[in-house]
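I have a structure here, written as structure tokens, and I will follow up with some questions on it.
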Amino acid sequence: MAKSTALQSGARARLRTLSVLVAAVALALTACTGAGQQAPAPSGAPTAGATSAAPAPAPEETRTLVIGATAEPQTLDPTATDAAAGPQALLYNVYETLVRLDAAGDLKPLLAQAWDVTPDRLTYTFRLNPAAQFSDGTPVDAEAVAKNIERIQTGTTAPKLKNQMEVVVGTEVVDATTLDVTLSRPSVTWLFDMAGAAGIVMNPEGFDAAGSETAGSGPLTLDRWTPGDSIALKRNDAYWGTPARFDEVTFRYFKDPNAMNASMLSGQLDIISNLQAPETIDQFSDEGRFTIIEGSTEGEVTMAINNGAAPEGVPAGTGNPALQDVRVRKAITMAIDRRALLDTVWHGKGTLIGSMSVPTDPYYEDLADLHPYDPEEAKRLLAEAGHENLTLRLRPPTLPYATKAAQFIASQLGAVGITVQVEELQFPRQWIDTAMTNADYDLTIVSHVEPRDVATYANPAYYWRYDNPAVQEAVRKAGEGTIEEYTTEMRNAARIIAEDAASVWLFALPNLVVTKEGVTGVAENANSSLSFDVTTIAKA
Amino acid sequence: MSAPASNGLLQVRDLTVAFGRHAPVVRGLDLDVAPGQRLGIIGESGSGKTVTALAIMGLLPDNARVTGSIRLDGQELVGLSDRQLSRVRGDTMSMIFQEPMTALDPTMTAGRQVAEAFRLHRDRDAGRARSAVLEMLGAVGFDDPARIADSYPHQLSGGQRQRVVTAMALVNRPELVICDEPTTALDVTVQATVLRVLDEVLDAVGAGCLFISHDLAVVSQLCSDVVVMLDGEAVERGTADRVFNEPQHPYAAGLVATARLDLLEPGTRLPTVADHVRGAR
Amino acid sequence: MKRAELWVGLALVTAVVAMALVSFVWTPFDATAVGSGPRLQSPGLPHVLGTDHMGIDIFSRILVGARSALYVGIIAVGIAALVGVPLGILAAWLPRWGAEAMMRATDVAYAFPALLLAILLAAVFGASTETAMVAIGIATIPAFIRVTRAGALSVLASDYVLAARAAGTPAPAIAVRHVLPNVAHLIGVQASVSFAMAILAEAALSYLGLGTPPTVPSWGRMLGDAQTYLFGHPTQALWPGLAIAAAVLGFNLVGDGLRDFLDPKLREVA
Amino acid sequence: MFRQLLGRLGIFLLSLVAASFAIFVITQALPGDVAAVILGHGATPEQLAAKRAELGTDRPFLVQYLEWVTAMLGGDFGRSWFSHLPVTTLMAPRLGVTGSLVSGGLLLAVLIALPLGAVAALRRRQWPGLLTSATAQVGMAIPAFWAGIILVFVFGVLLRWLPPNGYVPLGRDPGRWASHLVLPVVTLGVIQAAVLVRYVRSAFLEVLAEDYYRTARSIGWTKWRALSRHGIRNASLSLVTVLGLQLASVIVGAIVIERVFVLPGLGSLLLDAVATNDLVVVRGITMVLVFAVLLINAAVDISYVLIDPRLRAREAS
């Protein structure tokens, strides 16, 4: 099997081989607090959420919102790369999609008023909102949507989005507001993907200049982009829906979380979209000035174990053979006090998990205590497996949380008799090359922020090098089944890998949002659309 | 030894100068210069001549400790601040230095540097300063003062520079000019010119002069009175003729002997000052 | 005054070296083991300077950090001296045009300060202590070339070297026997100053995430980490900052003091 | 004089060639396949080959170097591997930021260092001079980023007098532009001033020992005014040299300061490009920074001629 074939099969199973790449550009990318339609209003706030009408702005006063974010887009075209930064600022705010994800993770109409799917689940019919128009006044018609789908498939767009759109075999413009989309096989996730960057409907006039100008249909348009500093959006006065509550919305970018905190503390920011240094959260404990929102993300901080599978067409990998023994993997899991690790690495914020699944997943099952912290049992398992003197290479990327966790884990594995050599790999290049491509590692730590990425365990070529036909079967069935089948099979897959201790799932990343007093309507959870949706936000 | 005059232009009493924690290099020195009088100080290098001159000018480094009294026109100079002294320097008293090659700022034209002295004390107006400068440059013997004024120091010869320095010192017609070996660094031929110019200009201005040299011949040519210094003390003083012809102190006698080689009989060993001083110390 | 400079400098440098040496045989707590105490403790007992965000004893980490600082300095200065000194002597020996070419080349090299070169190398080869040290070392070579050449030129012009040359002593022998001992003090001064610079550069690189990896106790890294806790725990940033400042000050003072002590005629501007 | 200037220009051009070659060699030494890095995990061999052809990395080294240089001469620094935007487009808006910071920092450093250097020289045996020298020594030992962080903490967060970070373009709001630059410029300027004070001091000490300084005092200048009138002119020769050499470290200091104060300058672009391994951008920025340093140093050499009439005359003859 050639590498490319392996990847295609991966794509079919909705594997996102690039997910880690995205994930790791440090938790940076988790700075994508969600697209909630109606986030729970902070206590005591009189107006919140989309349902309450926007207060009419005073005529002279400029209403502004400044949001601190971490990862900056390299380009204004959110479809050009798979980085989360583009969708974070632009999706739903400047660019709209046929359907959108709300805070609960459910699909809601946006450009499409309604949609049907044929019983064989192969053809979707979307009915567009006739009022919808781009910022230059051109209507958003079926023709434009079709061109956008074609652009994702054939244009210079991110491979990840191409993979998501790969299942589409044809589009048909029925009339100006009706579009049929035909899939090659049933897919539960395609419509969800259409709520993200892949589904962006861009004004076809703007395709060529998409990297430096925006051409969307959303309530905001680009005011100016200052690379290295900020993206400023302004109200789209021609917006077809409920107008934006702000005249100016600015996303300011900070490489250094401390700089972002300083900016927030000095009153320059209204919102920290996702606090990157959770240990600094106490700085915002002044309730008169700040509100802290603790939600969840799709990110799992995972210590990958090289399970040693060597499918054809990928580099053989150098995993320690001892790790192919489930007892050793269980021992490693049980030797780590994940609660203490969470306290040290992420200030105790976040959720302990036991498999590649986060509490907001529809198929989530709490497996955090499946292999509880028990160093004695770990020692016993190691002895039983005959590996009392194991030496393992822990090769974390040079990312703060990973190196911190590595220090911690090295110390704890040492306590059960496993000698750990910590060798850092420069991120991203060296890590991707060494750990991800060549599986040249025993243990490594990285955060996986892609949604529903349990499916990666169905790909033996993925850097887990985990080859289990039962998981592969479950994931395949999930992808092609109904919603119910999907939920059941994914839960099943997550359970199998957990029992197999295929990796050590350290914790689920929290979504920590800090807002200035008076700012309401910020979604609690980050979801897979990656958008930081400002349409629901209000400021007193 | 003649008693110091009571009211002159310059009156130095019991001047003692020491550097840091070292022994004093000038000890209990008394000097008097009457208006228009030219007093020569002779002594070998290290005898405290230059230190004395700098002490009068107030140009000694920070770590120098000066005690005693220096009065110029009755005004006590010891203990004055740098700012107060600066009003006197270049105006009522000025100084001509030993090294013409380095005494001028290489980055400014000669004329501008002379003009600076004029404008500091006389008249800020650039045009009037210029004419004063040209006049003074003419007085020190330049045929083409304008060209000299617009030249940079490196474009001038040593003798020319020394005359520029002389012009700087005299442009404000000071009452006292201190000359610190002004010709030592020059060629013998040039020396004569510079000395002649100095003589003329001092006369023209009517300034008193403290002329420091190790060269008795030069001093006797220019000065009416002489003080001989040795190891920071005045060992002999009197008119130039008297000291030259009848030196009393062995050291002074030595100086005269070394200066009067024309009196030496052929074939005898060249005398040194040490020959004369050995017994005196 | 100058003597005082030298003594203060020597005292600071000795303290840093002593800290590094002591850390090999004894630290109050394990400087790398996570959780050797509660996290973010204020100074007190048993953690004299408190504990950091990982619960590691700061005093122990400062002690071990002295090793990193010296390590970076020694390697960087070592590279610079090993390459720069022979080149400097060579430059003094070369005919005019050769020396001119060489000095022009060092001018170009001056356009690549240590930090820029380190960033460039980190971009290509990945960030690590080694990359940082090599970059700082390479960037410091020109300084050693200049200093050595200046010293060597005067030695080569001296009578005894002329005599040795006239007697047919081979050039390498002259270089080792006459030139090297006579420029040693210049190199010592330069080494001391470069050492200080290397420590500062390493700290800045660690702050930028391009230097020492987090697992290795390093003052620069500690300072960068402490920034996060400045609000609630300002002393976290105090200790490593003081340690860096003291070490840099020490080496700079030793350099200056040495220069004045060995050769009062040497000016600060070459 | 023209021959001298031409010679200087020739040296400048040769330096540029040498520097560009060095930068190219280093950035070309990337271990592994550039195309694979750009495309990331999961690229097909065909995609890789196409990318290599597009980048030209399949051609001989020297050909690539010459093409890079030729393109640069035409104002083309290549395109970012990841954002596909021209490097010049990325750099253009940032030049002003770094320019403001560097020139502001250098100016402040000179403004601080000249008087303090004069104090340290004129009062070198009294406590003001000793204190100045000692403060400069301590200032040199403080990491700039640490000083910056503390300034942010005190003036941005605790007192909230000044914005702790960020940037507003001059054209947009001059007042806010200035307020955002205060802390970074102060950080950069003060730390550089500490280094500079020592040079100013020794340059002034040399002047104090000069005869013309004594002459100036003898005509009635006070110590201070003699120094400011004759000292700065003469010390400026060595000071300009020092400033030229110092410029490189100011620019490098600016890189760190830009990170501390979140300024969208060339330095932060460089660090971002390093983080993503975007070597085309890294190469372009490094070249621009090194070009600036070499250019300034060439200008310094030429300015000698203008400052020192002796050189001017020597070259005229």
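For reference, chains read A, B, C and D in written order, and residue numbers begin at 1 within each chain.
The rule is short, and it goes like this: contacts are C-beta pairs under 8 Å (C-beta built on N, C-alpha and C of every residue); 3 or more make two chains touch, one makes a residue touch a chain.
In this text, all values refer to a predicted model and were calculated from it rather than measured experimentally.
Visitor: More C-beta contacts across A-D or across B-D?
Guide: A-D
Visitor: Which chain is the middle one, judged by CA centres?
Guide: Centroid comparison flags D as closest.
Visitor: Distance from the CA centroid of chain A to that of chain D, rounded to the nearest Å?
Guide: 40
Visitor: Hey, how far is the Cα centre of chain A from the one of chain B, in Å?
Guide: That pair's centroid distance is 89 Å.
Visitor: At what distance in angstrom does the C-alpha mean of chain C lie from that of chain B?
Guide: About 53 Å separates the centre of chain B from that of chain C.
Visitor: If you look at chain C, which of its residues touch at least two other chains?
Guide: Each of 209, 227, 230-231 in chain C touches at least two other chains.
Visitor: So which bits of chain D are touching at least two other chains?
Guide: In chain D, 149, 153, 157, 259, 271, 275, 277 touch at least two other chains.
Visitor: Please set out, as single numbers or ranges, the residues of chain A touching at least two other chains.
Guide: 258, 265, 429
Visitor: Across the complex, what residues on chain A touch chain C?
Guide: 257-258, 261, 265, 277, 279-280, 282-283, 340, 343-344, 398, 400, 403-404, 406-408, 411, 422, 424-426, 429-430
Visitor: Provide the residue numbers of chain C that touch chain D in the complex, in ascending order.
Guide: 1, 104-105, 107-108, 110-116, 119-125, 196, 200, 203-204, 207-210, 220, 223-224, 227, 230-231, 234, 237, 241, 244-249, 252-253, 256, 267-269
Visitor: So in the complex, the part of chain A that touches chain D is made up of which residues?
Guide: So the residues of chain A touching chain D come out as 3-4, 7, 17-18, 20-21, 25, 72, 74-75, 80-81, 156, 159, 211-212, 226-230, 252-256, 258-259, 262-263, 265-268, 428-429, 432-433, 436-437.
Visitor: Can you name the residues of chain D that touch chain C in the complex?
Guide: 11, 14-15, 18-19, 22-23, 26-27, 29-31, 130, 137-138, 140-146, 149-150, 153, 157, 198-199, 201-203, 206, 238, 242, 245, 248-249, 251-252, 255-256, 259, 270-271, 273-275, 277, 279, 282, 286, 289-290, 293-294, 297
Visitor: Would you pull the chain B residues touching chain D in the complex into a rising list?
Guide: Counting only chain B, the residues touching chain D are 57, 59, 62-63, 82-83, 86-91, 94-95, 97, 99, 102-108, 113, 116-117, 120-121, 152, 154-155, 165, 168-169.
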